[in-house]
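Sharing a structure, written as structure tokens. Questions coming.
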Amino acid sequence: MGVNQTLNVGMIGYKFMGKAHSHAYRDVSFYFNPSLKPVLKTIVGRNEVGVKQAAAQFGFEAAHTDWRELIKSDEIDLIDIVTPNNTHAEMVIEAAQAGKHILCEKPLAMNVQEGKEMLKAVQEAGVVHMISHNYRFAPAVQLAKKLIEEGKLGRIYHIRAQYLQDWIMDPDFPLVWRLRKDVTGSGALGDIGSHIIDLARFLVGEIEQVTGMTEIFIKERPMGEMTEGLHAAQSSVQKGKVDVDDAVAFLARFNNGALGVFEATRFAAGNRNKNKFEINGSKGSIRWDLENMNLLEVYFTDDDKSLQGFRTINVTESVHPYVNQYWPAGHIIGYEHTFINLVYELIQGIAEGKQVSPSFEDGVRNQAVLEAIARSAREGAWINVSELL
Amino acid sequence: MGVNQTLNVGMIGYKFMGKAHSHAYRDVSFYFNPSLKPVLKTIVGRNEVGVKQAAAQFGFEAAHTDWRELIKSDEIDLIDIVTPNNTHAEMVIEAAQAGKHILCEKPLAMNVQEGKEMLKAVQEAGVVHMISHNYRFAPAVQLAKKLIEEGKLGRIYHIRAQYLQDWIMDPDFPLVWRLRKDVTGSGALGDIGSHIIDLARFLVGEIEQVTGMTEIFIKERPMGEMTEGLHAAQSSVQKGKVDVDDAVAFLARFNNGALGVFEATRFAAGNRNKNKFEINGSKGSIRWDLENMNLLEVYFTDDDKSLQGFRTINVTESVHPYVNQYWPAGHIIGYEHTFINLVYELIQGIAEGKQVSPSFEDGVRNQAVLEAIARSAREGAWINVSELL
Amino acid sequence: MGVNQTLNVGMIGYKFMGKAHSHAYRDVSFYFNPSLKPVLKTIVGRNEVGVKQAAAQFGFEAAHTDWRELIKSDEIDLIDIVTPNNTHAEMVIEAAQAGKHILCEKPLAMNVQEGKEMLKAVQEAGVVHMISHNYRFAPAVQLAKKLIEEGKLGRIYHIRAQYLQDWIMDPDFPLVWRLRKDVTGSGALGDIGSHIIDLARFLVGEIEQVTGMTEIFIKERPMGEMTEGLHAAQSSVQKGKVDVDDAVAFLARFNNGALGVFEATRFAAGNRNKNKFEINGSKGSIRWDLENMNLLEVYFTDDDKSLQGFRTINVTESVHPYVNQYWPAGHIIGYEHTFINLVYELIQGIAEGKQVSPSFEDGVRNQAVLEAIARSAREGAWINVSELL
Amino acid sequence: MGVNQTLNVGMIGYKFMGKAHSHAYRDVSFYFNPSLKPVLKTIVGRNEVGVKQAAAQFGFEAAHTDWRELIKSDEIDLIDIVTPNNTHAEMVIEAAQAGKHILCEKPLAMNVQEGKEMLKAVQEAGVVHMISHNYRFAPAVQLAKKLIEEGKLGRIYHIRAQYLQDWIMDPDFPLVWRLRKDVTGSGALGDIGSHIIDLARFLVGEIEQVTGMTEIFIKERPMGEMTEGLHAAQSSVQKGKVDVDDAVAFLARFNNGALGVFEATRFAAGNRNKNKFEINGSKGSIRWDLENMNLLEVYFTDDDKSLQGFRTINVTESVHPYVNQYWPAGHIIGYEHTFINLVYELIQGIAEGKQVSPSFEDGVRNQAVLEAIARSAREGAWINVSELL
């Protein structure tokens, strides 16, 4: 632990997620009163100019290009990994061996086997580990969790969840790293499918078996990388083959008997970031949609017969999870606050020496579902998730 | 009363409202089991070709061009008046003197004085009289009324109601009768403003005083009449002066202390028929919108603190007003059903020999509010409605 | 054909669908100007008291208990079959052989084989045949169809459709005929799943293969039948085994490469009749929801970059399909109007001697998808729909 | 100006608005690249314990109890005033005389006279002055402004705006400073009415005349102050008279001929923070609602006739105002970001030596409308706003 009740943070990667995580460390002490005050020590990236710029913008004290050096550094308490998926395993294992606490972006790994090795490493090292499934930490999702845990929805019958985007529909959008299997492992499946799998496991329980299908609508794209986050594209004439899924859909059966219907796609025109779910139980239902993330729709079967209907709850009351730290009722928070809440939980876990959730174990379980879906899509059959664990 | 438990209907006028009323008489026996079965006897209109066509389409046994003859006819039990406003008084008074029950379109009259004479006539004749404020009879509005009467909203603080349309925004839209003061008395005020006044009186109570403003945005328009209901326009080069309001807004104080904010306009682009209100009380609130007329949004202050939110009730349950006569839950009804419900109440009133609601007394009270608003708009001052009664 | 340009209708069955169809025949001549005027001649049901009551309410001239007699009757032009599924085949085949035009409720048959025989019978007889998939005839669905056919959505990538209900969630709800496999063939699958399959085929095209799952959440229920349509239940102490699906979900691949994700359930609390879909194409997307059936949400990728968003179209304009027959813009229609539009198309087909859509061929194709899903659910594998045709 | 391109901020007040402003200074350099980097130097409050706590949480270097000392301090560049309304004038005038740039909370003053003196002071001092009407800076509101300025809505006919809250509906809610006329000048009128007046002036133009009404529903309340921002209340047995409006409504005529209908209330149950407006013009309409502040609904009359409808634009695209500084499309921002955007504009104005908007001139103009409404409510007559300027 850093001196003076601080938590020294070293970050590897500095793009979209680097920005989101950095901001959370900066703001968490403003809104919460965490037991440790995070200090943005060092940020690492391969591009020296880029990482220096990021350090200045995000507020890191230093910028480096060698992540191994960062991991070795004695002054760092927490390693935050926001790099592409194919780098997670190596970094996590070394960081764990160096005794660092770890926050890792999702999906955890390229496959279950890698994930298990990462989990083993952090468990053996006894460090706190967390996977960055930030949507768990939206107040409305936390309220949903509370209602389900209290039995307010009764026995769960159904979950239907979709993560719909449309940012690569243009055939001229280039083959960025998120569209390359060697870097990312899968496409929509791992990138956004992993989020709805995690939410489903969080809210409904473990998934027993799945059957799925994947599709690549645009088979080849111009080579090249986006120059600036997800915003702009720098394309070339040369074309490359797309080898990750543009879209995936799957059916699931949960251990508790619930049925799940899931879909993740980057080809749903007009849906910029539509991460939504509906859960139906014997006593009620809930609906949530990230694009209006402060709202939770809730229905109860025991409401007066003539007054039954979904309530649109503005989850911005002081009685709602995390909200009291922010603003008065009706003053909404946004996407970035999910990370602030997540980072708060992580810091508290580190401070109190107890493991937090979602952990790498969740990461491995999510990965097993991802892998089962991918296998199912190849084989055209139902796959038991437990076979992969 | 007609023989064999029938109710013989004579109708004067055959355009938009003629169609809506005719349909209601045809369908009421299908859905309800009214004590009298309405029979469409005779329809009257000035244009012989037009009224014959209407008779054939609507299912009337006969078509005439002389409304006085209809009123004199012994076989008619109920006179239904769906003509322009400047003809209502004469027809109503003669029909009452002939002992006919009367359904009259809104607004009742050209002014309060006329309305009072009409009311006197029907009261002296002892006939059943009803004004066609059909929106009272939407199941969701009936549910709203029930909730308020049961005290579920507590003391009423606010009503804000708007009736927004946009069908005359095109400056080339011609000077149809609804835009001529000599025919209609006023513009948006009487045509659609009267509906929200009636709903407000129905739900909140009597209005004590008002202050308002009116505006004519397009000062002159091509002469000419629409050829086909509200759908098409036949314009000419010659222009005429518009002398009725395109838009009106007014503030109101109710006898019970509630505040009202009202607006009716034909210049709200994109709002085809947006008749909506919100009512706030000490214990809850309700919202309704004609364009999604099967829904009622309801909020209760005594819902669990963390689960408060407007419930979107699909007012299509068998426990809801009128719904049991139609379809199973979730199968919506439409605009025309408000008339079927209205006609059912009218028939039951006639069969049971008791006055129904909204009566011509409501018509007169609505008219007084209309006249108070018009006067207020001219004088720039608050007007007590009671001064006009 | 009946004399004097009428179409004499004989109906078999008189419950929920009997009411909906009867109403449509009554109202179609009011709103449209069909080439033949339907006359409600005879209605047939097993329960003499019930069918007589229905005849009186619906307006049939006569009521009988023997459907074979009806089919033999020379005065009948059209046989309308609204009985449970296990009776359709026999009735259709005999009616076809008697040279009657036929409207049959969905799903067409108990299985594909039956359906093929029915199709053969009507084709050999040369009669007009139609299956009552009424939702095709909602104006908003027709507008969706038009947009897709005109290429406004481009290449179709996705359809996700759900039909969610909650009317049998109470474990004390009895084993009505819709929950008995010998009568109905399947549960949610055939009853409501068939509707979203038909809509998907109508809008997107033929389905190549499917994989699905079904579930029975409540394994046994009290014996007994509902006394009054879908509204009330008369239960008994004795319990019986539920042998049809409470819920079904399936993935689909279409011939044109689109992916489909479907779900039909009677256990989605708070969803009374939520028949909804979203379709995503390369140039745009559409969304529809039966509970607000007058609305169509439409998104176009070529809208100005800063002004892109789903448009909520109130499909009540005179330029929209069927609407011109009803009311001015913003005055919504309801569930029953889908049947009026359907019956209008049927009558025109009969009058003009040409086959209408959806025909029994659609019925057979829908049945093949249903059967493929059921088989897939049993076998845990993808099934090619063509194998069943 | 501070050394090293910093902007040294001194803040007076530390409650709800103190938190919102402080956060904005902290985050502005993270998201934007402002020409000056704000440094939180000193925060001032009357309660020594409270202000020290605030300084620690918000990140100020020092905390003091004497605002005059702060204003005299040479190291301060910008004075940010977030105290109750009755203190603004004195502080602003002294700060201006000391040559400080000033950001002041709304409403600017207790009356127009005070406001004019404040404006004179800042103009004479040549300092940059801004009033904190933060809602102007929601990206969706900026987009609305852009559309109107570009003429996309044509001639403006209507604005209807409401600011509905419900936080003082409980009669036991105590007489906090916001309910005391000597401290705040008015109730809902100045607190939230000022926001919708400012938005209306920003979007539609100057208001010519108004007529309004105000009401106090709960005439007396327990004495006492809330202990913690707006969240909790510490009440006492002793009661005091409420002398500010619980609710206000007013009609307005704009210089450009538009009509306005406005309402602000703290008694609209279920409306936590419903700041919403709709504007109708000859070519289109827009709708906005703070509770879903990332959305803008837009309607255009020149859209294809069969495809007209309000578009729900998720104003989170990189092409939208301010959004490029935050997150990718579909990742929403919240309440606090309105202040970040506002502070960015303020800093740029200071850096570039040019006056920003909304300035104290806007504050004075808003104040004149507020005063005209209050006078109108007392006199029951229309008041010309210009009479008060």
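Order of writing sets the chain letters: A, B, C and D. Residues in each chain are counted from 1.
Definition applied: a residue touches a chain if its C-beta (ideal position, glycine included) is under 8 Å from a C-beta of that chain, and two chains touch if they have at least 3 such contacts.
The structure presented is a predicted model; accordingly, all values stated were derived computationally and were not measured.
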item	value
Shared interface partners, meaning chains that touch chain A and chain D	B, C
Remotest chain, chain D as reference, centres from CA atoms	C
Duplicate of the A-D contact set - from B-C, A-C or B-D, the pair where over half of the pairs recur	B-C
Pair joined by more contacting C-beta pairs (A-B or B-C)	B-C
Centroid spacing, where centroids are CA-atom means, of chain B and chain D in whole angstrom	41
Distance from the mean Cα position of chain B to that of chain A, given in whole angstrom	54
Chain B and chain C, separation of their C-alpha mean positions in angstrom	36
Multi-partner residues of chain D (at least 2 other chains)	271, 308-310, 314, 317
Parts of chain A lying in touch with chain D, wherever the complex brings them together	16, 20, 22-23, 26-27, 29-30, 33, 57-59, 165, 167, 229-231, 271-274, 290-295, 314, 316-318, 324, 326-337
Interface residues, chain B side, partner chain D - complex	157-158, 160, 162, 164, 166, 169, 211-213, 215, 217, 247, 249-251, 253, 257, 259, 261, 263, 265, 267-271, 278, 280-285, 299, 301, 308-310, 380-382
Chain A partner contacts - residues on chain B that touch it in the complex	143, 297-298, 303, 305-314, 317, 319-320
